[in-house]
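Chains: A, B, C and D, in written order; residue numbering restarts at 1 for each.
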Amino acid sequence: MNKEKIQEIFRVVRANNSNVIPEVFSKQIFEYAGVNIPKQEISSTEDEAVYLAKKIGFPVVLKIHSFQIVHKSDAKGVLVGLKSSDEVREGFREIIQNAAIYNKTSDKFQVTVQEMAEPATEIIIGMKRDEIFGPVILFGLGGVWVEVLKDVSLRVLPLTERDVELMFTEIKGTSLLEKFRGNEARDLASLKNLIFQLQNLVLEFPEINEIDLNPVFLYEKGHGNIVVDARIVLNTVSSLYIEEVISIE
Amino acid sequence: MNKEKIQEIFRVVRANNSNVIPEVFSKQIFEYAGVNIPKQEISSTEDEAVYLAKKIGFPVVLKIHSFQIVHKSDAKGVLVGLKSSDEVREGFREIIQNAAIYNKTSDKFQVTVQEMAEPATEIIIGMKRDEIFGPVILFGLGGVWVEVLKDVSLRVLPLTERDVELMFTEIKGTSLLEKFRGNEARDLASLKNLIFQLQNLVLEFPEINEIDLNPVFLYEKGHGNIVVDARIVLNTVSSLYIEEVISIE
Amino acid sequence: MENTLTLLQESLDAAFKPKSIAIIGASNGARLGGTEMRLLLESGYDGQIYPVNPKEEIIQGHKSYASIRDIPHEVDRASVIVPAKVVPQVIKECAEKGVKVVQIYSAGFSEMGGDGERLEQEMVTTAREHNMRIIGPNCIGTYCPSSGLNFTKGASTISGNIAFVSQSGGIAFDMVSRGHITGIHFNKIISVGNCIDLDHADYLEYLADDEETEIIGFYIESVKNGKRFIDALKKAASKKKVVILKGGRTATGSQSVASHTGNVAGDYQVWEALFDQTGAISVKSIDKMLTVLLSLQKISPIESGKVAIVGNGGGATVLATDYCEEVNLELAELSNLSATSLDQLGVADGGRNTNPIDMPANQLAAEEGRLFGSVMKILAEDSEVGYILFHFNLVPIMNYMDLESIVQKMITELESIDRTKTNLVAVLRYNGEPEVEKIRYKAMKLLESQEIPTFKAIEEGLAGISVIANQSLKGGR
Amino acid sequence: MENTLTLLQESLDAAFKPKSIAIIGASNGARLGGTEMRLLLESGYDGQIYPVNPKEEIIQGHKSYASIRDIPHEVDRASVIVPAKVVPQVIKECAEKGVKVVQIYSAGFSEMGGDGERLEQEMVTTAREHNMRIIGPNCIGTYCPSSGLNFTKGASTISGNIAFVSQSGGIAFDMVSRGHITGIHFNKIISVGNCIDLDHADYLEYLADDEETEIIGFYIESVKNGKRFIDALKKAASKKKVVILKGGRTATGSQSVASHTGNVAGDYQVWEALFDQTGAISVKSIDKMLTVLLSLQKISPIESGKVAIVGNGGGATVLATDYCEEVNLELAELSNLSATSLDQLGVADGGRNTNPIDMPANQLAAEEGRLFGSVMKILAEDSEVGYILFHFNLVPIMNYMDLESIVQKMITELESIDRTKTNLVAVLRYNGEPEVEKIRYKAMKLLESQEIPTFKAIEEGLAGISVIANQSLKGGR
């Protein structure tokens, strides 16, 4: 785990008077923690976006990047499956326009260009700090499973291997992790590893208050997983404390 | 409802010593009952398949057609999204080969060429005859909802409008029928209509023992639905009775 | 159809309220034939009784007849308590005599296999030819306090708005035996046995039109004619509350299924669907049946009324709040006026402890129960409150004062409460010790005299309120 | 750490098994200070008792001291029953005296707001300085039959393998009062109050190492140090069975959440996760707590053992079969030998009625209960059967014979059954009538003398068996 780099991101976020870490930085933090994420870069202009898209390889995903916009979909700030330079150029403009309509306080919007990961079983992994018991890990299948059915399993940190295995089996949709309907069994070893990477991150940084990895694409056995979207929320501190942190730097 | 045509299909099935009506005929019966189904034709040769695919319009779906093969997927007898004549030709050969491996009793396999319906919310509608209470209708969301969660609603025939409305709301996944996650509300009026069409069919033909419509694609409000796969199972009758039926013809 | 219905009504009227009964197999002894007649005499039946037994001259003070044919009067109903092998002959004689309905107590027919089913069919044919109806065989009788019909010692003589139909004799028995102790009053309980002629649909059909009946309880294991049952259940549930306990959930599994639907829709699921569809309330145990019947009989739905809870036991109060969520009940937010009044009484402390209200044993008993009475009045007058559940944990109260007298005083306090807009629901918690039980029993009877239902546990009381308060939420009707 | 643990053990040993107790606030009167001392004397406590009360010379035959400082001997434990405002001074004196542990009964501290929390903190500071530990304040005492500690009349003097820790005085009381009536025996029950010093984690830690204790029951509403609680619970649940009733499920909701996880993972869900994770058994009501404790104490897991059911009531038997499915229990398929034997006895008819076995009241009582005894022996000897649930519906039996004597005879029949490979579980169903209750109570005590647990409903008995039989299926450990 690259602690210094992670702390640097925290400082930037604090300096921006925020405690919600933008997606691209959240994923970056997980990459520093050893987790597999899609290639991603931040662009400030159409030309830059096109250049980055070519570098990453088509198709790509474009997403709004701003400290002011936490809910990217609400801001119509996400476009997927862009296959050419023209589509990227067009997409960049559209996202910036939508962002300006959604949030008038800032004109310094940027757009991230991301590799488009191959879809697979959607997983959600989360963390919150319970007032009484401290960090709690949440695991579930993404989409309707968590949103409609609230079909999740929780565990209080620290986790044993057996805890994680039980989380996998105690959700109602557990059969989707096994060989099912012609799908091969999912890569649970990699998923277990991801959960422990997240645990390490949480134990290392008490300033992390909440985490959502949603979705994680989980591939078949031997093919790992990829964190497609991430959100890290830091605890709120007084601005005095922020200045202190910054001044230490 | 075109009763004569439907009865003719029953006779053909009986004549083939079967009580499970092949998919293409099952859907045909629903079309005679006024239900929306994808365009479909039966081909016996590669050339014919290609001709039909062009007529229907690419992309198409190819499926094995045989009285001997009830579980088409098990026989590797389904190919979707074929976009060109070459793909159809190739696909036809593949399906026939797979079928021959799966079931050696017959060499008279045919392949249906079907319009590829645009995917949408998957619904299952079914009917079984309960020994005590007679026809029972089953409604649920397709895929994992029915297979993993058994999230279905049942009603004994005859149905009132209110019965059908309650079926829609009493499943756990009911929110997927409403405006949800950026999706528009689904066309419940058309779905209600489909359920009543199925009820009419069941009441008209006591020889129908079981029905599965799985999946039905349900589009957004005003855009109807389409029955993508169907299976009708007739009651079993003695071969004597079958001969009788045929001789009447 | 109209004719059939009239006939059905006549036969079942004769079953429940016969002008004359022949007891075929009556005796002076202690066994069923003797007991049945004795119970009829003791329960105040005031029609004609004709014991039939060729071996006796006088049975329990009444002239005995050798055969039903020898009775020189009309016979409405016959109760048949003779060995299975002579039942068919007796049925034939009853039919020829013009009896309207016979209840066959005797067992040993289709349920034992062998010739049983054929014999049953023959009896039905004979009965049909003479417009006579058959109840049973293999059943334990009929209870109807208004006419004095009864099948067990110690049954209540008070009639209520509930009729109960049971496919199990034991459960019919439990309803008679446990019902009135629990404070539930029935107008009719019938053990229906093998249902060779009159079946569930007939009883439902009859009770749907029965003026005495507002609530129908049902224990059912199987029906012979599903279609008729559906129609009868729809009719009954549209006019009355129907509560059903279905026994025997394992699939019959005789029919093979080729479809997905067949696999998902098990036999029991279809029963459940039918109950939902008709608006019948389905329960899963005898205890739950009693809870629901008691609640339907004693608690009225109050629109937009919420729940207030008061009683002793801090932990119990916390758990009660949790349980409200589980059974979809909302705690009332009391008006400022109520909160202030409670504060002045020293029960609520500056707005805390307003609902649920934890009143320790010494507070409950304070001022000879008048403090409790005042709290109840404040709650009853608050328009937010539709249901007040008050709970006494009896043993701790015992530690402080004479339990019997203080509980009586507290209950007396309730007499002056305006009940038109508020339901009172009592929970008397206890430890099972016989001495405490006796006091609890007396208290329960006092509460019953005020038409207040009493439950054993807070959860049970809340579940009862939930049945009433959430009724309109259930679909069906 | 080792030192802390030793200290903890010493303090709690002094709390449960003190060589000497000072009762500060003792009196000759009827109120708490008097009662507490009286209970101690009556419950057979054989250590030294030092009443402290400046207004008296002699209290209940013992010399009274004006202050704890005046006691010329060592004091292990002090029970403090004085008005809240003098408690801090008393605590200071106790600490200076060298008391190992004090239990503060007095209420009126942090739970009342105001100055309470500060006063609590001061007392803890004082105590810590002198290595004294505090239980409470705001609690109703300690029950420990082996040392004669007690807080209510009529408590059992029999010690069992269960310890119970309760954050509610009322629920501690219910355990003492209802426990032994139900046949559950405790070695320790403690009301822990506000937990200003000793808290849940300490009690768990202590009981995890307590040799008398195999089962720990817990009523908990909140903990102050979650991390310590987790560790203690993990330790306790790895060595003992832990059963937890959590009161207060509504979210504290003080923390705003920005993530999806925060929204889905409510406070109560986290508690539940923790119970799963540690292998603790979570229950949701007092009744269920009693069912689970009784089952854990009296039923042993039998590997691959399945369930046999026998008793009177056809409908009840059908419902019992249904309920087995609901609680994940499998009915045993009896061996051919058993089936033949049952057939010969006339109980099973040509292979039917083998399991569950419906024995009508007259069969249960046949041959003075010996037929029932023979059936039970056949079931107990069948290697398929690990658990026999036998149920008597008492009222129907009453109709045929003297209930008390026949039930006693049936129970006597059970004495000769080999229990090493089979558990016996009794259900005595009744109607709530005081006379029947009395007989039921006696029967229950007879069964208890044979270590057979008794439940009130078949569903309860099956739920109890399910807890034991399905224990290994639960994850956690």
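Things to note:
By definition in this document, a residue touches a chain if its C-beta (ideal position, glycine included) is under 8 Å from a C-beta of that chain, and two chains touch if they have at least 3 such contacts.
For clarity, every value in this text was computed on a predicted model and none was experimentally measured.
Most remote from chain D, judged by the distance between CA-atom centroids, is B. Centre-to-centre separation of chain A and chain B, using mean CA positions: 41 Å. With centres taken as mean Cα positions, chain D sits 34 Å from chain C. Remark: chain A and chain C have CA centroids separated by 58 Å (rounded to whole angstrom).
Among the residues of chain C, none is found touching two or more other chains. Viewed as a network of touching protein chains, the structure reduces to one closed ring of chains, two contacts apiece. Listed by chain label, the pairs that touch are A-B, A-D, B-C, C-D.
Across the interface of their complex, chain B is touched by residues 222-223, 226-227, 229-230, 252, 254-255, 257-262, 264-265, 267, 269-270, 272-274, 276-277, 475-476 of chain C.
Here chain B touches chain C in the complex through residues 20, 70, 124, 126-128, 130-134, 136, 138, 140, 146, 150, 152-156, 162-163, 166, 170, 210-212, 214, 231, 233, going by the rule given at the top. Chain C meets chain D in the complex at residues 35, 112, 152-154, 166-171, 173-174, 177-178, 181-182, 219, 221, 245, 247-250, 284-287, 312-316, 318-319, 321-323, 325-326, 349, 393, 395-396, 398-399, 429, 431-434, 437-438, 441, 457, 459.
Those residues of chain A lying in contact with chain B across their complex are 73, 144, 147-149, 172-173, 175-176, 181-182.
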